[in-house]
Amino acid sequence: MTAPHRRTLSRGGRRRLTGIAMTTPALAMITLFFFVPFVMMLWMSLHDWPLLGQHRFIGLKNYRHALHDTEFRTAVIFTVKYTLVTTPVLFVLGLALALLVRHKRRGARFFQAVYFLPVVVGLASAAFLWLFMFQSDIGPAGDLADHLGLGSRTTNWFAGSTSAMLVVVSMVTWKVVGLQMLLLLTGLQSIPTEVEEAARIDGASRVQTFRYVILPLLRPTLALVLVFSVAGSLLAFDQFYVMTGGGPANSTITAVYEIYRTSFIRFQLGYGSALSALLMIVLAAVSATQLLLLRSSDR
Amino acid sequence: MRFRRAMAAGALLTSVALLGTACGGSGSDTPGSGSGTVTLWARDSQKSFINILADAWNKDHDTKVKVTVVPSANFVQKFGTAAAGGTGPDVASIDLVYLPYFASTGVLDDITDLANKLPYKDGLSAAHRRLATYNGRTYALPFTAEASVLFYNKGLFRKAGLDPDKPPTNYAEIISAAKKIRALGKDTYGYAIAGQCGGCNVFEFTPHIWASGGDVLTADGKKALFNTPEVTDALTFYRKLYTDGSMPAQSKTDTGTIQPALFQSGKLGMTPLGAFFLPVLRKDDKVDFGVAPLPGRNGGSASFAGGDEIAVTKNAKNKAKAQEFVRWATGEQAQTVLAQNGIVPVRTDLIDKIYTPLDPRYKVLAEAMEKGRTPYSTVENALFNDNNGPWVRMINRAVFDGDIAKAQKEGQQAAQSIIDDAP
Amino acid sequence: METDSRNLVAAIRQSLPRAAWWAVCASLAVLFLYPLYVMLSQSLKTPGEAAAAPPTPYPHRLSLDNFRALGGDTGIDIVASAGNSLLVSLGATLATVVLSTVAGYGFARLRFPGSNILFYATLATFMIPFQAVITPLYLLLNNLGLQDSLLGLAAVYTTFQLPFGLFLMRNSFAAVPRSLEEAALIDGCGILKALVRVVLPVAVPGAVTTALLTFFSCWNEFFAALILITDQDKFTLPVSLSVLASGSFGSVDWGVLQAGVAVTIVPCVVIYLLLQKYYVGGLLSGAVK
């Protein structure tokens, strides 16, 4: 009587155990090399912890200070502004490129490789490259603008907050859009062509097919792309450190840049940790929202 | 089938890779143990000579010095983190402006006795010695010297009708020379600064203030003097250079990467830089240049004494040998090696023997170094070197936005609060 | 006559989209390649010409001086650094791919209580700025005896690449219809066999993407490599390049820097071209029947 019952249970149980076994190595690694330092960081955030010297437990004082810190607040606002500009640009362009190279035409793979090429350049290297390109007087981009009548060789592209940010956005777009294109391509390729063809046969226009058939099936990929894109933008640092140095007049300092200054220039590791914890809470909330909104209905 | 082979290959590669990294990683257990090695950290700006120096020592000594060159921009973080974790080097060559900080946090070994026993003690750069002293004890010896001077393009001077052998000696003369050179052409500029670089400006701008009789900090570093008339005059001087159009647009945002390149290209009349730049220009052999002392408002001159000090760390494993190396580094043999590689020696008693004869322009540098001064502060990094800190903000705002009085007032406030908040 | 011209118009109209496609793609390609051209031309200029203002559009005299400067008369062995980078990047890449593939399948198919929460918790790894945890990480590696070791660095890299790999692989496996798996299971395969025979081929694009991105991230990573490695012999490429390209006072030798970047890119391009074959191949052959 109980025999078939037991067999089903053990099968499900075996699946679960295998699941646990399969996920354990990755989880173990993340626990050891991330969660342990993370907890240490939280512990540090409750202290006045200079890089060198004695530590002092001060409870939540760092967090209280952070909420009144105007420099940090300005940095966060700028970071949000930057994210709001970069994310749609990257996504729209990435999607456009993916749709372009999706065709099975002869040049498609070549163009796909070309658009992906900047991804293999390191972020700091790309930042230095574009910093050089847009220098007044010795930069080729300024020179090109001069020849094309779009600007003068002596314009300092980094002297205005907006123009400085836009140069950085352009650099990041150039470097990262190929990756988004690739990820979206993977997502697009996993949609069986029969589904698309069926929609077209039913009379849907290309745009309609895209909106009602492709986009919903693309949701998991969209979630992946957007979550990491937004996270990457909210955590932006290297590109501003190299290209604008936080300027002009500290107007392009991002949240992580401020954390870097706190921890590594003012050597206040405790306060820096508190700021990081706050930033993470923001990020987690934003990511959770994104995942909820983009959750696939058939799960 | 193909998959199984791929998996096997993958597994093999992983194990080889991990094994390789494991083997690569196990050699670091006991640096500097026994008579073996003394580890030395230097900054990348010293890479051209530090290995030559180490080789000179290793030739005659059993204990070998092992050099690690660290990127300058991150030296303080790396050294600080390592010191905090107890895994730093035995000996470190540290930018002298950071000495008060490191000395005050207890990561350096007290070498007062060693320093006092040196026969040439008084011939060592005074500025270096002052910065290495904390609470009356000495924590490092002077190692390399740097001085800030005015570089000027003799070719452009001639073209502008200026005497190439008579460089400017006060603010007014610089302003007028810069204007004349700017008038030479659309692409030619009279004067350039690195407007977003704190370290550059404390190095190049402060001497103008000193030569005019002022200062940016009190001698004990406890009070900021940003809001003083000499600072106002100096800021006004820079501002005039900018409003005259003598400065290129990039000076506003340059973090120090562009200023030297522009002078190298031959399109810049004058710029303040340091001794490090001389060998670069000589190697290029493109610009006919001269060097002059940085003047004050009405004459006089001053210079920022920069460079490195060499210290033994508290956690050094081979202290006796480390101290011996540190002492050797200030001796004649070591300092001569430095001089031959274009570095200003810290031995003012030897400078005319080993350095000045190597190039006629070195004389200006030697004199600048002897007169050199350095601000003393345990919060130098947050105060001056931070490219987003109060020093840079004040200069940038005053020179490029124009509201000098406001910039000074806010700069003074911010600077003083950093000093007051220091542990 | 009329049919001819109508055919011609039809032919033109047919080829217009294709021509337009080529025009758009080609102009974009020029935009994308321009900065890389600048980098290459800058690296091949003489040091004097590299600092010229206004800049020359191409090297008037080809010179390998900048590349020679990388050769290092300054004690930095760039070949050894490249070797270190290769070891660390390959190690981290393989570890990441293997771990995220296995775990991704576990999260996608073999649910257990709490698996969802654990999965989203791993994403937290991505939400902390690296600067924040670097000092605790440094101290942790110290305690584990992994300080100043390439193995420790590879382990850190693996950990921080895992969230992306997990997400991607979980997505890939989830996209495989259960019917396919069920069919294989009914045919008598064990879970592992079902995984290898049926599911894995479809997950190849995801695995290749994970591998590519992990490799590039590790290969180009600077900050952790700088702080966690102290022995110059174990420096990775980005750290060595930063030392070689620096002048004093934060000034940059543009020519040497670009030469260094050019050198850095080559292995990445090679790996991309190698893996791209499997990637595209996987797409074509792994199509769901």
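All chains are identified by letter, namely A, B and C, in their written order; residue positions are counted from 1 within each chain.
Everything below uses one rule, namely that a residue touches a chain if its C-beta (ideal position, glycine included) is under 8 Å from a C-beta of that chain, and two chains touch if they have at least 3 such contacts.
In UniProt terms the chains read A, C = Carbohydrate ABC transporter permease.
None of the values given here were measured: they were computed from a predicted structure.
K.L.:
Could you tell me the least number of steps, going only between chains that touch, from chain A to chain C?
P.N.:
1
K.L.:
With centres defined as the mean of C-alpha atoms, identify the chain lying farthest from chain A.
P.N.:
So the chain farthest away from chain A turns out to be B.
K.L.:
What pair of chains has the most C-beta pairs in contact?
P.N.:
Greatest number of C-beta pairs in contact occurs for A-C.
K.L.:
How far is the middle of chain A from the middle of chain C, if each middle is the mean of its Cα atoms, in Å?
P.N.:
It comes to 15 Å between the two C-alpha centres.
K.L.:
As a quick test, compute the distance in whole Å between the mean CA positions of chain A and chain B.
P.N.:
It comes to 36 Å between the two C-alpha centres.
K.L.:
If I count partner chains per residue in chain C, which residues reach a count of at least 2?
P.N.:
If we look for residues of chain C contacting two or more partner chains, we find 51-54, 135, 139, 252, 254.
K.L.:
Going by the contact rule already set, what residues in chain B reach two or more other chains?
P.N.:
Residues 77, 81, 84, 187, 197, 255, 257, 261-262, 265, 267 of chain B each touch two or more of the other chains.
K.L.:
For chain A, write out the residues touching at least two other chains, lowest number first.
P.N.:
As it turns out, chain A has residues touching two or more other chains at 51, 137-138, 153, 264.
K.L.:
Across the complex, what residues on chain A touch chain C?
P.N.:
Residues 15-23, 25-27, 29-30, 32-34, 36-38, 40-41, 44, 51, 97, 100-101, 103, 105, 107, 109, 111, 113-126, 128-130, 132-133, 137-140, 143, 146, 153, 174, 178-179, 182-183, 186, 189-190, 192, 220-221, 224, 227-228, 231, 235, 237, 255-256, 259-260, 263-264, 269, 272-273, 275-276, 279-280, 283-284, 287-288, 291 of chain A touch chain C in their complex.
K.L.:
Report the residues of chain C in contact with chain B in the complex, numbered from low to high.
P.N.:
47-48, 51-54, 74-76, 84, 87-88, 90-91, 94-95, 97-98, 134-135, 138-139, 142, 146-154, 196, 200-201, 226-227, 230-232, 234, 239, 242-244, 246-252, 254
K.L.:
For the complex, which residues does chain B have touching chain C?
P.N.:
Within the complex, chain B touches chain C at residues 3, 10, 13-14, 17-18, 20-22, 24-28, 44-45, 47-48, 50-51, 67-74, 77-78, 81-82, 84-87, 89, 187, 197, 199-200, 203, 255-257, 259-262, 264-265, 267, 273-274, 276-277, 280, 284, 286.
K.L.:
Can you list the residues on chain B that touch chain A in the complex?
P.N.:
That would be residues 76-77, 80-81, 83-84, 102, 105-107, 186-187, 196-197, 248-250, 252-253, 255, 257-258, 261-262, 265, 267, 381-382, 385-389, 393, 396-397, 401, 423 of chain B.
K.L.:
Please name which positions on chain A make contact with chain B in the complex.
P.N.:
My answer: residues 50-53, 131, 135-138, 153-156, 158-159, 164, 244-250, 253, 261, 264-267.
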